[in-house]
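Same chain, two partners: chain A is paired with chain B first, then with chain C.
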Partner chain A sequence: MSARLGAAVIALWVALALGADLLASDLPIAVRVDGRTYLAPLWTRPAALQAETQPGLRRRAEWMIGTLVEFGPRQTLATTGTTRTDAPPFAPDARHWLGSDDIGRDVFARLVHGARVTLLIALGVVLLSSLLGVTLGALAGWKGGVVDLLLSRALEIASTFPTIFFLIVVVAALRTPSLTAVVLVLALTRWPEPARLMRAEVLRLKGLDFVLAARALGASEARILVRHLVPNALAPVIVSSTFAVGSAVLLESALSFLGLGVAPPTASWGELLQQAHRSLVTPGAWWLALFPGLAIASLVLATQAVGKGLERRFDVRR
Partner chain B sequence: MGRLIATRLGLMVPTFVVITAITFAVAHLAPGDPLQLADEEQASAAVVEAARRELGLERPLGQRYLTWLGRLARLDLGASVVDRAPVTERVREALPRTVLVSGLALLVSVLASVFVGAQLAARHERRWARVVSAALTLASGVPSFWVAVMALLLLATPRGVELFPLQGLSSGPGAGVLDLAWHLVLPVLCLAWPTTAMLTRFVRDGVSKSLEQDYVRAALARGLDARRVLWRHALPNALVPVVTVIGLHLPHVVAGSVVIERVFGVSGMGLLAFEAIGTRDYPVVMGVAAVMAAVTLASMLVTDVLSAFIDPRLRLPGSAP
Partner chain C sequence: MKSSGALLATALVFVACGRCSSRSASPTPDAAWLEGRAVPEVGATPRRGGTLTVRVGVEPSGFTRIHDRYAEGTMVRYTTGTLYETLGRVDPRHPEGPLLPWLASAFTEGEALTVTLRPGVTFHDGSPFSSSDVKAVLSAITAAQNPTVAMRAALGELASVETPDALTVVIRWRAPPTPFAVRALLGGVPMMPEEALAGDFDTLPIHRAPVGTGPFKLSSFVPAERLVLARFDGHREPAFLDGVVVRFVKDDTVAAQLWERGEFDLMTRIPPATWRAVEQQPWAFTGYRRFRTDENAYAWIGWNQRRAVFADARVRRALAMAYPAEVISRAVELGLEARTTCPFLLGSTSCDPEVKPIPFDPEGAKALLADAGWIDGDGDGVREHGGQPLAFSFLMVTASQRQAKVVPLFQEQLARVGVSLTVEPVDAAQSIQRMRTHDFDAAAMSWSSPDAVTDQFELFHSSQADGGKNYVNLADPEIDALLEQIRAAREGDARVALERRLHRRLFDAQVYLFLTARPALDAAKRRVHGLTPSLAWYELAKVWVEP
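== the complex of A and B ==
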């Protein structure tokens, strides 16, 4: 995959995640029914429409602009008002593009809404851990001495940390982890990488002439670090963070797959695969496993492609 | 070599203490304890209080941690809160399964990646080499648990071909080695998947870099067989960083084993910890976390020693990578 194609795939997923409500929802984008006009009821959730479904509204409405797929991510067979003779899971067809799971929830709706959770967690983890790592790494590289020694020891410990068991303990402690909690915990396990890269770059750069020049011009220590060193040392961190988005997606989906991610019924890609694993008991529902897997793979490969492109552009050797 | 092991061990002990202390603190500072779950079943206050005292839950955290650490030194991990069974026994049952699956997976990945990686580097201009390289890139983006679910779907259910068993490691009591091997195929291959994808590309890049070195050209100029140059001259030099990478990758293999155990119903350490969460059985969760931390640290020590064995430069003091 070329870097450009990778960027396009990422942009597509971001767009799908942002527009999830317009793509798949239990309420229409706009509707005129019973003499009243509702604009974007899917965001305002007026009480009058609470019990309605899109197919039901379409029959009664004067006019209606529906969403692409007429199901929300949490609508089960009982609440879609669908009458079918066969039992779910339904295979992909004209109504359920990517099929439905064993309680009749639409896979497409859950996939685009799940993209929100997965992307939000991945981006949150990478941003937070990079911020933490850059700060600590820059300080350690610049100050040296005890600060550096402490950070180096911490890095050594963190690199041997059996993350998964720590996460299991944390989740056991939290019972139903919120999105913020998941982001925080995952970020705490990923900060060593940017910290190590930042420390090495600052150590390399701080002996160079431009730092001496800045000091000769009377720049303060803090200014040299923040305005001169960090911006010049950022390239390896940016490259590794791009790759980290992909790993964060994989880690988040592995956690949700184990049932340790964001609490259900919130959909995320890993949770969709967990559904697929459970449905193996009544086999044949290949669509439950195939589509979330393709989604994860496409996003991870896209971030790797963009990361490789940046690596070449910045001339960073990892 | 002895000094290297001593220094590494000296670093490992504090690391182990810090890891377990953090895990212990998180587990015990969280609101609620196992008895609160019992509370929901309306146990009387006096009974709960007595049980809490018996389990030592009223003492300060630091003290409890030190007691736990002291017991650990005597290989006693305490008793499960749920059924009072000794955790050590549970771990003794579960650990061999995890070590078996992870160890075999590691072995498969290392053998496959060294062989395939060297071949890819030597024949990079062939079309099949390019196809395999592209496939490896693709494979690294595909989560192993998805591969596992798809493998089960295609190879273990009536929908596909029922070649392999759906769950577990044994068809029943008294089943032989062949039965075990049959049950191990899918879990081991799925766990080996991400490591192989990563390692093969690493070996390939390493070997193709050594193939450009002057000593390789010199060996070829002396008229040595190209195959011998690849396997005896270029490959060993490329293997030194590979051993280090395997060491750094070990925590990922351990993490992967938890997911794989869940998919294939292998009752190893991951599944043990996982089941203990539901009942907030902290002695079990802590025991598993501590043992797995120790196993990970020990295997990292092994890879360190192995690196020093392959590359004598690493044996010098102060040159730890």
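== the complex of A and C ==
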């Protein structure tokens, strides 16, 4: 996959995640029913439509602008209005394009809403861990001495933590894992890599002439670090962070697969894979493995391709 | 090149035709197989030898059922009659009737319980079984310092255990014993050698290396992997099998795949979805017999009474009205489980037939909540009362396939009536621990018993909230009184009437949302014979296999 194609795939997933509500929701984009007009009820959630669904509203509305798929990510077979009498999961058909999960929830709806969760977590983790890593790495590299010694040991200790076990313990202690909590916990395990890269770069750069020149011109230490060193040392961190997006996606999926990700019924790709695992007995439910599997693979491969592209662009050897 | 292409095409046609013919000739399962009915075996002659490989989903943490830490329901099923034996046993044909003598040859109740032991019984280590062993086991249970609280509570307060001779035991209680206490003593206490119980009870080797009188003895135990049992040739009725290999496979999906690969002779605890899925699979119905056995087991959702949100019975009733039982039956239980409202064996006389499950009625639930003062004043979709939102958390065991489906289905319906349920994912051990310490709002669980006669005291009496199994903190004077009366009542109509009153009262209180009575769904290879399902699992000593 080329870097451009990778960027396009990421852009597509971002667009799908941002527009998830417009693509799949239990309530329509706009509707006129019972003499009242509701604009964007899928976001405003008016009390009068609390127990409504799009198929139900469509039957009695004067007019309605529905979403592409008329099901929300949490709608089970109890509210999708299915007339099927067999038990879910349902294979892909005209009603559920990508099939349904084992309680009748639409896989497409869960996939696009899950993309939002996955991307939020992945980007949040990478941004937070990069911020933490860059700050601590830059400080360690610039200050040297005891500060470097302490931060370097902390970095080594953090690197040796068995990630999954650490996450399991922390998430279990959190009781009900929220999106923010999962981001924070994952970020705590990812900061050593950017910190290590930033420290090495700062150590390399701080002896160069431009730093000496800045110092000769009377620039303060903070100014030299923030305005001159960090921007020049960012390239390897940016490349590494791009790769880290992919691994954060995998880590989040693994956590959700283990049932330790964002609390149910929030949609996530890992949770769909967990359902696929539950449905592995022949004849199985291939759609529960294929579509989230493709989603995860496409996003991870795309971030890898973009990372490689940036690596070449910045001429950075990882 | 052309000829190789033609050869390939011919080969493909042959493969395709082979598949076609095998499909057209494939048999279909009969009604008995589909229903999981045990068909009586006619004309089969038992043979000795062979090994039975059994899948078990729960690994025991120890093998001494009298120890509180190891007193799991599953252990009761899998060890009684296999490794250990008791003085009496449940009559498989009349599970609610009196116990049959087993290690005892007779027992007579009067002022004291006099037990005459069966002569010639030996333990796996070769030592003879005698009255001193019975006394040693009962002494270990009644010793206040030992972690045997559950068993001690079940037996009641013993005054003395006398052993006039090697084959006679006379047991006296401080007060006249309840029928439950006598039944628990005779049918629930596994017999162990006196010598094995000497020393610090908590660290006795017998907890990990059982020595009983059962038809099988321990051969090896590899934690997280397998338990290997060998035939005990010193048993009065030696088993047919040379041995039994119990494989611990917790994950149902992994177990199902191993089953499909033919790795289990006896596959236990098949989830409903797998039970239904294999109905289309020739490997399953040609290679296995299925057993759908009614157990004395039921699933429930409990509301912690220490939480203010559940204080009003109308709220609890409304929550029950929002439970989508039909949808769950269709999507999760797949029509294999029967709804129940009763803590006793489904269909037994102890259940009041007039009590019917609360039907799914979201509009009724809304009206009831409004009547109880819970109104959504701020329009956020969640009702409030006195400034408190109608919101609670639900302990969901992450490994439970059932809960992974049931909880979101229930959560969706609750949201529609204005109740917020937040999921707390926990592992099984954490869930039990938190329920024991009442550190939960709502949780799902199931109770099971190998006996048809059960004492509900430990589950619902207010004295059992701390240390017992009254996890939901029920403290209802009327229920307490009924439980005490039932304990004191002799078997018969009077006790049945009290049990029915208890059933009605528990149903009215709705501290449990009773869900379904669960059957055991098992399958055995067709070469396995002599499997007779009962409340107490299978009698493995009677099982034999074809070569």
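The rule we apply is simple: the second predicted complex is superposed on the first by the 315 of 318 C-alpha atoms of A that agree within 3 Å, B and C clash if a C-alpha of one lies under 4 Å from a C-alpha of the other, contacts with A are read in each partner's own complex, and residues count from 1 in each chain.
Here, contacts are C-beta pairs under 8 Å (C-beta built on N, C-alpha and C of every residue); 3 or more make two chains touch, one makes a residue touch a chain.
Quick caveat: nothing in here was measured; it's all calculated off a predicted structure.
By the touch criterion defined above, A:L155 reaches neither chain B nor chain C.
When both complexes are overlaid on chain A, the residue A:A254 reaches chain B alone and has no touch with chain C.
By the document's definition of touching, neither partner reaches A:V237: not chain B, not chain C. In the superposed model, A:I296 makes contact with chain B only, not with chain C.
Within the superposed three-chain model, A:L136 lies out of touch with both chain B and chain C [touch as defined at top].
Shared-chain residue A:T76: touches chain C; no touch with chain B. Of the two partner chains placed by superposition, A:V202 touches none, neither chain B nor chain C.
Of the two partner chains placed around the shared chain by superposition, chain C is the only one that A:G104 touches, whereas chain B remains out of contact. In the superposition on chain A, A:F165 contacts chain B only, with no contact to chain C. Residues 172, 175, 258, 260, 277, 280, 283 of chain A touch chain B in one complex and chain C in the other.
Chain A meets chain C in the complex at residues 45, 47, 50-51, 74-79, 85, 87-88, 102-105, 172, 175-177, 258-260, 263-265, 274-275, 277-283. Of all residues in chain C, only 252-253, 256-257, 260, 273-274, 276-278, 280-281, 324, 327, 330-332, 334, 362, 376, 379, 381, 393, 396, 398-399, 401, 404-405, 407-409, 411-413, 416, 418, 422-427, 430 touch chain A in the complex they form. On chain A, the positions that touch chain B within their shared complex are 1, 156-157, 159-166, 168-175, 246, 250, 253-254, 257-258, 260, 273, 276-277, 280, 283-284, 286, 289-290, 292-293, 296-298, 300-301, 304.
Of all the residues in chain B, the ones that touch chain A in their complex are 11, 15, 18-19, 22-23, 26-27, 29-30, 32, 137-138, 140-143, 145-146, 149-150, 152-153, 157-159, 166, 248, 251, 254-255, 258-259, 262-263, 270, 273-274, 276-277, 280, 282, 285-286, 288-289, 292-293, 296-297, 300.
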